[in-house]
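There are structures below to look over.
Each of the two complexes below includes chain A, the first together with chain B, the second together with chain C.
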Partner chain A sequence: MMLSFFDQFMSPTYLGIPLIALALSLPWILYPKPTPRWLNNRLITLQGWFINRFTQQIFQPLNLKGHKWAALFASLMLFLITLNMLGLLPYTFTPTTQLSLNMAFAVPLWLATVIIGMRNQPTHALGHLLPEGTPTLLIPILIIIETISLFIRPLALAVRLTANLTAGHLLIQLIATAAFVLLPLMTTVAILTAVLLFLLTLLEIAVAMIQAYVFVLLLSLYLQENV
Partner chain B sequence: MAGHDAGTQHQFTGIAKYFNSYTITGRRNCVLATYASLAAIALFFKLKPKKKPAVTEK
Partner chain C sequence: MADRAVSLAEKRLMDVKLNELGAWLGGRDFTPNGILSAIRRGHDRYYNKYINVKKGGIGGVAMLLVGYVAISYLWEYDHIKHDRWRKYH
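Now for the complex of A and B:
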């Protein structure tokens, strides 16, 4: 059986059981919960500090009504960053490389922000579709463009995450294969390729964290417009 | 995002009072007017009777 470079992105099943369910439950299993006692240990304190700091950062520009989304955004961020980082381990499956999963996150959350905007403040929500100070002749064109950009948002959110992670994993696999194949042929080039692989892995760690942050940040911006 | 314009420094008269790109209600009305126009155009083409070619006897 010939292995292709895209086999790592196939949703794994074992005897008909989809293992993606196991992969998705890992962020829940791996994080210890805070103790009901007065003080936690150092690890949990650090974990709590990170979550608090992140939530404070995201919700600073949002008004009070948007703060209801704090638990959702904090847990979404933690979920995405954990899935992305775990996927960088060898031979693991990254659920966030599946467009279906990312669309399942992006579409309902984006739609929720739009519906909240239309229900609570329809004038502001509709008014956002025309930038302030537009010349008269450009008004209809710009409204059409802004409407298209509104509907493209969930697609862009999902595809951004999918593409970044898929491309990163693919590059890692390609460069690792190149280093491995070149080792008996051109050892010096293989060593340089291995150095490149190391640097790429560092980049992918950064990308994993940044893409999770960008996803949640953009959702918070969409919420800011509508709440 | 950018600060909302309360429209207090603009004194619009006539149609510009309702359709302008400075006040929030003006922007909303422009958006609704554009959507209504697009819907009207779509409806016009949907309800337009299709011309059938004349049937000639062979």
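Now for the complex of A and C:
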């Protein structure tokens, strides 16, 4: 029984192509390019409004040199939010539940922020390892702790995204199975479970959006320290 | 209305007679560039018909998503069919 609940996280292969390939290429189709016309269609207008709002919000605390990352962050956010939301549709596969994918996003980007910091302003970047106003005796210990905290950041970014999405999907599957099985036995309990399932789905939609946002927000924070 | 003669490979699918189907398939361009341009043409047709309109509603994107769900089901069928026949989950 345990095996069947985790089966949703295995990418099935059809004609030699894994489903993850289709799931990863779908966000490319859903966002058309704005035309040079003065007034675009509704989809592009909505999309442009959303991207503008988001980029403005994220790049407000960053100085001018950090704005080079605007295209990367906006596209990353769009990609993650689309992958998460599409995973809530029935029978679809969510690539962000795979730790490998999330590590592939987190580690290079985090490493880039660290390297930029070390190259451009090494003293300032190293200075982040020691918060101001610490007592002298605590300095060695605190530096070790801050270094560990620095190196655990990419792991935390990746695992946060993976764990949130995987847990959500698993919960939905478990509660749905419970509601379905209880239906002939205890109908009232089944209805209550169905209500729970509905609320959980709403939560999952929120979590999908929030997790994508948090990922990019934290990356921008790391950039802010270093750029 | 006099139709100009169109070579077999350039005809649209709906205009090809059934016994010409094999020859038509043989004449089509199956190189990677050809396949990409076919995907692009298909995408442009769908986009301009359902999304790039003055008062486009949710229907254009909704059809795409339903198609995606259907394709995912097809992809996973071999895996899911065991759940239907299982007695204990």
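Keep this in mind: the second predicted complex is superposed on the first by the 223 of 227 C-alpha atoms of A that agree within 3 Å, B and C clash if a C-alpha of one lies under 4 Å from a C-alpha of the other, contacts with A are read in each partner's own complex, and residues count from 1 in each chain.
Simple rule for what comes next: a contact is a pair of C-beta atoms (placed from the backbone, for glycine too) under 8 Å apart; a residue touches a chain by one contact, two chains touch by 3 or more.
Bear in mind the structure is a predicted one, so any value in this text is a computation, not a measurement.
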Margin query: Output check: A:T92 vs chain B and chain C. Expected answer is one of first, second, both, neither. What do you get?
Written below: second
Message: According to the stated criteria, A:L43 is in contact with first (chain B), second (chain C), both, or neither; which is it?
response: second
Ask   = Is A:P140 touching the first partner chain B, the second partner chain C, both, or neither of them?
value = first
- Message: Under the stated touch criterion, which partner chain does A:D7 make contact with: chain B (first), chain C (second), both, or neither?
- Response: second
When the two structures are overlaid on chain A, which partner does A:K33 contact: first (chain B), second (chain C), both, or neither? neither
Check: Which holds for A:P131: it touches chain B only (first), chain C only (second), both, or neither?
Finding: first
Seen from chain A, its contact residues with chain B in the complex are 122-124, 126-136, 139-140, 143-144, 224-225
Seen from chain B, its contact residues with chain A in the complex are 1-2, 4-5, 21-22, 24-25, 27-28, 30-32, 34-35, 37-38
Seen from chain C, its contact residues with chain A in the complex are 43, 47, 51-56, 60-61, 64-65, 68-69, 71-76, 78-80, 83, 86, 88-89
Note: in the complex, chain A contacts chain C through residues 1, 4, 7, 10, 12, 14, 19, 22-23, 26, 29-30, 32, 41-43, 86, 89-93, 177, 181
